[in-house]
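Here's the structure, in structure tokens; my notes come after.
Read from first to last, the chains carry the letters A, B, C, D and E; within each, the first residue is number 1.
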Amino acid sequence: MMWAKIFYAFLALLGGIAYGLFLGGVSRKITARMQNRRGPTIWQNFIDLWKLFRKKTAISHGVMFYLAPMFRLVGGAGTFLLVPIVVGNPYLSNFSFGGDLIVLMYFMVLGCLGMALGAAESGHPHAPIGVTRGLSQMAGYELPFVISVVVLMIADKTTSIEGIVRAQQGGILHWHIFTHPFAAAAAFISLLGMMGSYPFQVVLAPQEIAIGPPTEYSSTFLSYMFSGRSVFAVAKYLLFMNLFLGGASNLLWAFVKTFVIFLWPLFITNVFPRFRLEQSVLFFWTWPSLFGLIDLVRIYLVR
Amino acid sequence: MGKDKNYFLNEKPEKMTYGGVFRKINDWARARSLWVVAYGTGCGSIELRPTFTSRFDAERLGMRMVGTPRQADVLIISGYLTVKTLKRVIRVYEQMQSPKYVVALGACPINGGMYYDSYNAINRLDLYLPVDVWITGCMPRPEAILAGFKRLQGLIDSGKADGWKKYIENLDWYRENQRKIIKNWRMPNYNW
Amino acid sequence: MVNPIIIIGVTLASAFFIGILQVYNRIWARVFFLLTLAFDFLVSGVNFYGFITGKIAKPILVKIGGFPPPIGINLLVGKAEAALGFLIFTIALLGAIHWFVRGLPQPEGKALILFLLLSLGATGISFTGDFFNLFVFVEITSIAAYGLVASSKDEKALEAAFKYMVIGSISSTFILLGVVFLYKATGSLNMLDIAGKLAGGISSAVLALITLMILAGLLIELEVFPVNGWALDVYQGADPVVVALLAGAAVKAFYLVFVKTAHYLPLPSFFHLALLFGGLTYLVSQFFAWRQKDVRRLLGYSSVAQLGLLILVAGFFLNPSVSSSSRLMMGLAMVLLVFNHSFGKSSLFLLADNVKERKIEGWRGVLASNPVFKFSFSTSVFSIAGVPPFPGFWAKILLIFAIPRNYSWVVGLVLLGALAEVVYYFRFYRIASEGKGKKVGRNLASPLISSLILIASVPVVWGMFTDKIHIPVKPEILLLLGISLLVYFLGASRLLQWIASLGVLAYGIYSLYPYIKPDLHGFFLALVLFGGAVLLLATYPGSKKLSSSFYPAYLVVLFSMAGLVLSSTWLSVFVFWEIMSWASFLLINMGKGKKAAWIYAVFSAAGAYAMLGGIYLLPSLSLAPGKFYGLLPAVLISLAFLVKMATSPLHIWARDAYGESPDEFTPLLSGIMSKMGVFGSGLVFLYVLTALSGAGFRYLLGWAGALTAFFMTLLAVFQDDLKKLLAYSSVGQVGYILIGLSLFTPLGWNAALYHTVNHFIFKGLLFVAAAGIIYRVGTSYLPHMGGLIRRMPLTFFATLLAIIALAGIPPLSGFAAKWLLYSALIEKGWIFITVVAFLASTLAFLYCFKILHAVFLGQLQEENENVKEAPWPIALVEVILLIPLGVLGAFPNLLLNPINKVLSGIPGMENPGFHYHKALGIVSKLGHWNAFFLMVFLVGSFLLALVFFALTSARIRKVGQLDVGYSGEVPRAPEDLHFGYGLYDHFRRAVKWLIYPLVSKIWRGIYQWIGAFAEMGRRIYTGDVNTYAAYVILISIIILYAFTGVK
Amino acid sequence: MEILDKLKEKFEILQSQEKRKDLALVGTTEKDLIPLLVYLKEYEGYKTLVMISCVDWIEEGKFELVYNLWNPSKKHNILVKTKIDREAPKFQTIYKIWPQAEAYEREIHEMFGVDFEGNPTQHEELILEDWDDIPPMRRDFDTLKYSMEKFGEREPKSGIIIRKQISEQYDEWRRK
Amino acid sequence: MAFFVASILLILIGLYAVLVKRNIMKIVIGLSLMDTGVNVLIISLGFIRGRTAPIVNIKDLLVNTSSKVVDPLPQALVLTAIVIGVAVTAVALSIVMLMYSKKKTLEIEEYKELKW
């Protein structure tokens, strides 16, 4: 039984990476269209990945530098696999038996921290600048996200993702986006921070610090990071689907809901300039946290 | 590690095979996703801006500007090169990972152009770097540049864009030419 | 038994004989002087020995001139008088020795005579049984004192002598009038006779008035608050040897007479008189000494305060309504206080004579240069300030527990005074120990006195632990503490001391092993012993200038913690807590931060005294779950533990104490000592508060823990010193443990105990690694490090795993504590605290990256070029501590099962709140976490990805450190590229309003405010004789008026 | 222009000319140049030193240093000229008066070889790295020969002399 | 009874001098005044009206002297008290002399160095 689960999980992982790259291509296409230009093919990310993967030479700055992409990929894949795609279905609930929401929240950091250490060993000043900015901004967007997650946990009296999804069954109105609108609002705003999309594009900041942390990475290393980041993005979409949109009853619904969630940061990112770091941290600690607090107090009073 | 130790690639990189079953697919992918290093060396780099933005959109060809030479495939030499800029261009070229390609814009890299008799500008670029595609014109317009990129994609597809292999194979010839005009690789510290 | 009259007779005769002899031959006069003193010392010694061993049963009655008591003058020498006589002559002999060592004041002969007369007078006062004879001896002592004070002939001394003379004569006038009126009223002068007549207590107002007149006279001599201006000037102005004799001996004689008078003339309102004046003097003088600039005046204030305390004790001792057992304890406390003060104070005054500087600032660096001076100075200061092994400490305990229950506010007063004493004495100690070094005069007497104090404290300690108060303790602990002090004498090489201390610890583990049972005490004992052993391993190649008394202090801390954990009553908890605090103070003082050690001493003293006050309020001292004893004892006792855990309002000592203590000691300080605070808080929750009643207090502590975690982690992010950063992070992590404890649910306590062990492992590992780095790089300033991964790979790997565990990232053991804590928090429903805790752990990632990047990654600086790996003991300990991180990460039940066994013993904690499911790992009511699966999955997928990468990757070329994409340029040197300074300046701009040092500003404000209050208060001593006289008259009128009302 | 008359009384003016309403030209001796510059800056309000240029009078064997000053309030430019010997070109730096003069002098040193005593960074490379010949802006320096020899012979079409060809085209263009 | 009141008055005068006078010599004089006041007080305490001094030198006092003689004990005490008063005044004067030799002034204002 365990081996079957692992095999299906592996398939789900490959599907996740492909879906992530596809969504990346779609987002580049939509961004291009919004800038009134044709933009690359939808499959551009696949081609880029393949080109990077088959590059002939690469450089390495040390052991930690060498291992960082593996950390990134494993972190992304792990996060993806801990989130069940379809709750209840033995083939599509991945490794959700491995841990609950608390495990997932700490797991999300593993990929970033591993990559951060590798990039820092490259010796290029851009890397630590990017990483410190990323971590500081994470301290920013983690507050609203934590508040909304705690609201859900207390409301559904469970910390496992399946429990939260089961609590939302029975019609659209039971979804948490409607039962706890403010918490959902807080979470979706912090999603912008998590994705590092434009108003909060402080980590990779192409104009200022030339792609930030992965400055010194090249060829195959970069392909691992690239795939890790895209599967990490899909994992977040899945998580938000399960937490706020009532999870998916079958694979089709999973695609539809994740695509909707995917569109939300995309539209924001193309119309906003970039925040400075202190502005983004203070923004996250004021508006979305306030929304979250409203729901938190509501839960506290109701209990 | 002395202060001015020379950090250049002096030892010769060993030969690399360039064939195999997937060569056609790899070359197809390499042609369709060319990442250009954002390093405007001369007056032509102003032409690259419209090429890569909405008006002419080189992203249609899968091309994207990247910040560091480590991640780039294509180095665009966009104008005359003085001894000073040549030093940096060679260092950037060596930091790029192969397979890498060089596209030269304008007349000056070809034969020195209007600065043919300048005491500073070099006359022929391919003495120092292997150039895959020349795009002539005293700064070609974006349409010409896009045509040049299409030609580069064709070369890559057909496997003939092997400038980087030539550079590795006869590195000594290139080094000897470079040493003729570059005495030492220590660069002054411009902190004024 | 030698007839006491011989002492008086011989001394008197030799005093005058010296006067004559001195004219002919000076040397002979001196020899003769010393001979008489030695003779008196011997005689009083024999008497004292006789009384102590019980050979002399009842007091000796000496009839002078053969007349029976009521008529003739007689000497009545009981046990107390003999003891005091012996004390007087010991101090006199030592003072004389110092005089000869230092050089006698001119004119020599007169000084010798007056010296003999003074000691004679003091002995006479204590021996006499007749009031008028008392007046005569008082006058003899006073006249000798005026002469001696004036003998050093500088303006200050003369001015002091004049003031002393004026006030002294007024007080003797009072005594004389009192005595005569007493004769008029009772028709007799003999003390016992009068006592017989007034046995029923003084009824008539006139008699009360007369007694008060005598007592007023004596109070003036005993330097009571408003009238002690003269005493302070004498202490400041006179020759320190004279002052030593006065403060050490003469005043004690007056005190004995004061007690006897109050005993023979039982005044009903005497208790209130003593309480008012004793308490007032004690408290006010302690705070007046707060910011004293002049050394001798500071010692003056301290000795005045000690006398005030003695008067207070006398009040309780003679109070008829006090129970006999507490009267016995009060008596013992009185004796200990008298001896402690005499020896300690006289030794300090003699030391003050050695250092020519009058101002405290002048004493900077005095301790650094000469060890003998340091030994005697430290012993005297510690014994007076009440540091554990010395009698002062035990006196304080006896005193506190002797005070009857309805006067509990007096306990508060005494403790407050004791705290003020710690503040200014240790400020003095800090100034003396800072700075390089300073020449100091030769001194033979005070080392003798200090060694006397040490010798005297052994029987006292033995007495305390065996019969009197009977603090139950495991005999092995005392033995081990003794042995660990012996390690000091192996001072030769550091290696020898290290091996010896390892041996002692091994013996300690062997002997204490049977006590490790599955209960709270056994759990923490195991942590202390085995944790201590591991950390002791890492102390070997300590920094060069570490003092040789490092290892004994280290062992004392360890075994006092073992004693603390094994104690069965609150009193033994307090005693071992104090031993631990003061030993750790000594260790921190060995580091470079003397100010940090001072602040640490003040805070831990405040906490300890609050605990003592709390224990006093507890009805029963035994560690057993009682009913709800009210919030005050719980708050007071837990205050001490919160200080040690550096919870948020009490945290300001932590950064510098951890940061500047010696690198070898910090792992123990943060790894195990902060856990003693956890153990204590657990005791408070279990045994002082019941589950129901303490809910509000625990919720408050929960918030305190959460805010500590948040603010300390936030402050850690901006630290630029490695050890200070780790200090803040350690304090923040302890905040999590406090949250777990204050939940008081099975899951909460599981989380707390798990995190205790976890925190010890990774924080011990981090501090040991930091010690290794600082040992190799030479500095703990982060921007000077960088790129050390190439030189210290093992230390990097250890720090990396410790950091992953610290941040709580899943595969390693740190996550289990976080998961248990959050499940417990959500299960309990403290949602706001959960949010703050989550945010704090997110902030932890910030400084995790900072530690790894600033120290190990980035560019290797030129000066760190040839740094080698950490020394082998530190590397060994790093490996030892590494293994549990990984193993516990995969199999958390290895630690959770023993914790469950420990908790099952505690009522209300039986079911652990989670169980093991084959497929889902740990399953609680809320969620599940499969540790083993995650570890296998992560390691497996990591290896899989690694292998796939190695097979398919491009040809990888190792590149030099400076070969980076630098826009074509060539970076000239590593520091151009290294980004190690100001890593989070942008984040600081965002949270500037959060890290404003508000709390430390408040504490400094309090310190300044009290200082200013004391400064203003001291102004009443204007130095003008007339005002002093006016105060005397005013006070005596008050005494006569207020206390005659015979209630 | 009254400014020129004022200067005449104070300094030894060799040549003065008012080229345009807002541009005057003054020539002085080598000795008087710096005092004149300081006077113009402090008293006449010519706050800004626009640039320093150098002219190579190879026939007279002289270098001519031209200092261009600008008076922002009167919106008036003044050129101050002096001639220095060509064989051993030496002059004092005015780096202390106008800091930016350091860069101008450094360029003139690199291009003409004029040695400005006191200029801290004049020997550092500014534009020409690894230069191994006489300063290139001097008229006795043949750039074409240097370029051909150093940067490689350009294959000219057979029989065409490049320099002549360009100059002929220029004449035809002028005649039209 | 008159002696009793007189001695109290004497003590108060002495006390007044000590409290108010700014000259250290006058303070010493005040002290000795107080001392004599106390001595007179002691004597007056022992006085019984109509009895003579307890000096047994004439014959008629030899028999049952206790009824004819004033209480002898205070007399004895006063003897020692006087001697002590003399000793104290002597030491006081020597101190005053030394103080004068040092600062050449008797003004108490000069001797306020030790304070606070």
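Some observations on this one:
The definition used in the following text is that a residue touches a chain if its C-beta (ideal position, glycine included) is under 8 Å from a C-beta of that chain, and two chains touch if they have at least 3 such contacts.
Everything numeric here is computed off the predicted structure, so don't read it as measured data.
Connectivity of the assembly in the absence of chain B: the other chains, held in place, form the touching groups A, C, E | D.
Any chain that touches chain A and also touches chain E is listed here: C. The chain occupying the central position, as judged from C-alpha centroids, is C.
Each chain gets a centre from the mean of its Cα atoms; the one farthest from the centre of chain D is E.
A count of C-beta contacts for the chain pairs B-C and A-C puts A-C on top. Ranking all chains by how far their C-alpha centres lie from the centre of chain A, first place goes to E. Rounded to whole angstrom, the centroid-to-centroid distance between chain A and chain B, based on C-alpha atoms, equals 36 Å. Between chain A and chain D the centroid-to-centroid distance comes to 62 Å (mean Cα coordinates, whole Å). Here the spacing of chain B and chain E, counted between their Cα centres, is 117 Å. For chain B, the set of residues touching two or more other chains reads 13, 16, 68, 70, 87, 97, 187. Along chain C, residues 954-955, 957, 961-963, 965 each make contact with two or more other chains. Interface note: chains touch in the pairs A-B, A-C, B-C, B-D, C-E.
Residues 13, 16, 18, 22, 25-26, 29-30, 32-33, 35, 53-55, 57, 59-60, 62, 66-68, 70-71, 73, 97-99 of chain B are the ones that touch chain A when the two sit in their complex. The touching residues of chain E, counted against chain C in their complex, run 11, 15, 18-22, 24, 27, 31, 34-35, 38, 41-42, 45, 73-74, 77, 80-81, 84, 87-88, 91-92, 94-96, 98-99, 102-103, 108, 111-116.
Note for the complex: chain A touches chain B at residues 28, 32, 35-41, 44, 47-48, 50-51, 54-59, 206, 210-211, 214-219, 222.
Residue ranges of chain C in contact with chain A, taken from their complex: 787, 789-790, 793, 800, 804, 807-811, 815, 818-819, 822-823, 826, 829, 831-832, 834-835, 838-839, 842-843, 845-846, 848-850, 852-853, 857-859, 919-921, 926-930, 933-934, 937-938, 941-942, 945-946, 949, 952-959, 961-965, 977-979, 983-984, 986-987, 989-991. Listed in rising order, the residues of chain D touching chain B in the complex are 103, 121, 124-125, 127-130, 132-133, 136, 141, 143-144, 146-148, 150-152, 154, 162-163.
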